[in-house]
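Pasting in a structure now, in structure tokens, and then I'll have a few things to ask.
When the chains are written out, they are named A, B, C and D in that same order, and each has its own residue count from 1.
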Amino acid sequence: MSLARRFVLKLSCPDRVGIVAAVSHLVAKHQGWITEANHHADAMVGRFFMRLEILADSLPFNIEAFREQFALIADEFDMTWSVADSAQKKRVVIMVSRQEHCLYDLLARWHADELNIEIPCVISNHETFRGLVEWHGIPFHYVPVTPETKEASYEKIMDLFEENAGDVMVLARYMQILPPQMCEKYPGQIINIHHSFLPSFVGAKPYHQAYARGVKLIGATCHFVTSELDQGPIIEQDVIRIDHSDQPDDLVRYGKDIEKAVLARGLRYHLEDRVITFNNKTVVFR
Amino acid sequence: MSLARRFVLKLSCPDRVGIVAAVSHLVAKHQGWITEANHHADAMVGRFFMRLEILADSLPFNIEAFREQFALIADEFDMTWSVADSAQKKRVVIMVSRQEHCLYDLLARWHADELNIEIPCVISNHETFRGLVEWHGIPFHYVPVTPETKEASYEKIMDLFEENAGDVMVLARYMQILPPQMCEKYPGQIINIHHSFLPSFVGAKPYHQAYARGVKLIGATCHFVTSELDQGPIIEQDVIRIDHSDQPDDLVRYGKDIEKAVLARGLRYHLEDRVITFNNKTVVFR
Amino acid sequence: MSLARRFVLKLSCPDRVGIVAAVSHLVAKHQGWITEANHHADAMVGRFFMRLEILADSLPFNIEAFREQFALIADEFDMTWSVADSAQKKRVVIMVSRQEHCLYDLLARWHADELNIEIPCVISNHETFRGLVEWHGIPFHYVPVTPETKEASYEKIMDLFEENAGDVMVLARYMQILPPQMCEKYPGQIINIHHSFLPSFVGAKPYHQAYARGVKLIGATCHFVTSELDQGPIIEQDVIRIDHSDQPDDLVRYGKDIEKAVLARGLRYHLEDRVITFNNKTVVFR
Amino acid sequence: MSLARRFVLKLSCPDRVGIVAAVSHLVAKHQGWITEANHHADAMVGRFFMRLEILADSLPFNIEAFREQFALIADEFDMTWSVADSAQKKRVVIMVSRQEHCLYDLLARWHADELNIEIPCVISNHETFRGLVEWHGIPFHYVPVTPETKEASYEKIMDLFEENAGDVMVLARYMQILPPQMCEKYPGQIINIHHSFLPSFVGAKPYHQAYARGVKLIGATCHFVTSELDQGPIIEQDVIRIDHSDQPDDLVRYGKDIEKAVLARGLRYHLEDRVITFNNKTVVFR
């Protein structure tokens, strides 16, 4: 990431006249250089969404001062908002079971510094990938999950997430359902890849469901985890064409390519603060 | 269609050794020239599917003689089968309401002789397109459908289909639900375009459902009509990318482009005898 | 088009601090309601691009007054800019030869009032579509083009374009190469659909070129016409998958579906003033 | 790969009557169970292509005996042909430079036994990935390539390929141009991934070329290497949508996802003996 340091502002608020003017006036007053700007006004719900990237060095103050200044506007317009600093790498904790494709893919992107992240640790309910992860110099935690230990296991996982100061938890084909209280504790912080084109084929074995229905395309969905299974806000989706000659095993194989691509795109949008949620949906400023 | 005349054989039967050998031996014995051949063995259901195109002029007999000869093999292998003659244009009755896109699209293809069909008539529950259809020299029948007249209307439509010796009925965004007895009377003959990526968003207003769920792609599905709404065998599907800035009206507009393309492809597969149904699914030999 | 009347501002200028602030301040000062806003800063060429949609009724003055006010800002920032009025339907002159697919497609969209345009006339070097066009109540002009009459023919075409107060000329698979002086007379006003994924397969018979090379996808390109054949700024492109079984005639047939979809999307972007050209490339604010 | 052992026959020959009958008769005579069959007759070049998968255990003899029997038919029809044994894992030598994405992707598939291959070694002109490769238990050979050592380096590489009994050499973003004599020594055995949608943007820095031309989609091409740079038979291609906001670095990043997916698909087709070349083009029986 050779990009110059930026502050990334994202916000949403009730739509009205003057929002852009107020925000851009503040930035311009301090000679802030905007490198990227996106707006969206959703007429059906009367809400306005905005994202700005500003060159940090073009501003005469630091991020705390910027936040202080901005808070006045935010108050006036009743905004939900945040400002992130691109120099602050986000800390992504990866959860994985025994499927390799999303993990390898994320490690390759991390190795190439493509995502501007730190991976403080990988957590798994199997030992399968300890060697690979540790070879990358990343700590690996084996936390088995059984019906009896379930509660303790998720306590342990939440402790690890906290100890590692995680910003985002990625379920990289982690084949367990998180308990509701954990989902509710980290709203908008846990990202899952579901192996179907939601809302089709919720739940278990979606590729077998797809085979049984005889669909001609299969897909994958990257979404925020909420306490309702596979019902969270959708960040990204994609599909791939199949045909009658593909058996469920083929769908699983094709699906892996879509899953890792969709997860990586969705995660990237989130890491770059391009995603704003509202009403269980997302605005994604690509 | 400048292609030489062909006989198109399609079949399915329980899978076993010797099917291809038996069929191809019959064809070769009579010096039949095979221009296209497809096979599919579905291991999960133990069934074999096959399609052959044979140059009619390479055979020493006509289609009836071919059928007689073939019936012996078909019996031996317990085949469900048919032989079509490419010189016999299929007769396609189009059903339409007030949306223009699929109708214009089919008329353009008919005008360019792209589909090798005759359109003996267009039937509609509105007068909207009488002028356009009649300008093309195609009879137009206005058959209004109201709660009171429903039964008589569908009797009328079935009569028209019979009188016109229809082979296929195409619901080109015909916004009415056919009665079950009509669906059952013409199995594998009625083709619908549904404006969602089934099995998502069955029923009414799928684009509004898609907007409400916040999906990132929308789609369309071409399928055979059965008595269960939107549950028939899927012939073809496709999707198009949308984003948060698209309101339901935009989805409707984008969707039209997918609908007409998917309907045309699915219809073409069916007209060229490329589709074989089994277990409420299709094998499509493209 | 049931949308409320809007003014659409688009501009580009050298990038510097304060552009968005100046523009949005002007709009906010007059209580202008922004329904859509897009920005793009191209760091490699140091240029800024912007598009705003403003509710006309939210402003206290008409479009001329708005232009006067805006001219002051435009001067200060050295902008290339325009303001369009959505209530003013653009006048699209369609040029066609003997292929039907793009013409039918545009007429269907016009019939559904999907593009918010008027079609003052269709011009063709063949009589093929006179009946269809005139049935729609649109004047049809037959202007044959032969090597001898070429110069006079294009004079005639330019006269028709002027007499009809054309805003845009669409080459809907018009199989003639326009003379350079005509291309130069209407920069950014003539839109072509080329039947390949440019820059592959420039010039004649691109599908045959694609077949010869053995590519696995074919495409179409909507672009502004310049005096260099198939070298103008690209507005939109798309592709479709083919395989070894497809002969050149199949590619032509598949291609038609891509051509009409890509032309319609590209044209729509242009009609809605979403396209800004710079350095023989386009910014498309979708 | 839990599939039962199969013999895979592929062939091409001048088209004439009786080919399928002769081949399928031979198989049926010995009670051979065909699990997959594909045919293609290319009318423009008068050539016939065919691929069969036969359950090895259904035949009363081994692969050598099958080859002997088949040679008689092959002679009669002047076939170019081969029979492969699915129990014999193909040996894939991977060549890599400093880009990680294709290497990680192939290692993940190898780890999951998705491709049914052995990787006897990885060869690179950089030490970058020694650790990762060796962690997987795969030998790593560092063979630097400089203008002075070029000839000796490629001798060394060919020696390694021979010593390791390589069946396929994969250029997984190996950023060197192979010498013509090496390309000619292994026709149809060296597979490259080129980072553009060929024939557009041959040669160096295709993403920068794509940026300069302003295309709206970028692609990747998997092809057999021949002595003419980027001109070999194309096995697989795909594209991804970009827009004006993407700078060359973004194209490089997006491109990586397409490159690895296209390489993996193309390689898989080749490994499963689904690709037949003729006239610098491929038939791919997917």
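Following the convention adopted for this analysis, contacts are C-beta pairs under 8 Å (C-beta built on N, C-alpha and C of every residue); 3 or more make two chains touch, one makes a residue touch a chain.
Model, not experiment: these values are computed from the prediction.
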(message) Starting from the defined contact criterion, work out which chains touch chain B and chain C both, please.
(response) A, D
(request) State the pair with the higher C-beta contact count; candidates are A-C and C-D. (result) C-D
(message) With centres defined as the mean C-alpha position, give me the chain A-chain C separation in Å.
(response) 37
(message) Centroid from C-alpha atoms only, then distance chain C to chain D, rounded to Å. What do you get?
(response) 41
(request) For chain A, write out the residues touching at least two other chains, lowest number first. (result) 36, 43, 245
(message) Could you list, by residue number, the parts of chain D that touch chain A in their complex?
(response) 36, 99-101, 104-105, 107-108, 111-112, 114, 131-132, 135, 245, 253, 257, 261, 264, 286
(message) Please output the residues of chain B touching chain D within their complex, sorted ascending.
(response) 17-18, 20-22, 24-25, 27-29, 31-39, 41, 43, 58, 241
(message) List the residues on chain B that touch chain A in their complex, please.
(response) 40, 42-44, 49, 197-201, 213-217, 219, 233-239, 243-245, 247-248, 280-284, 286
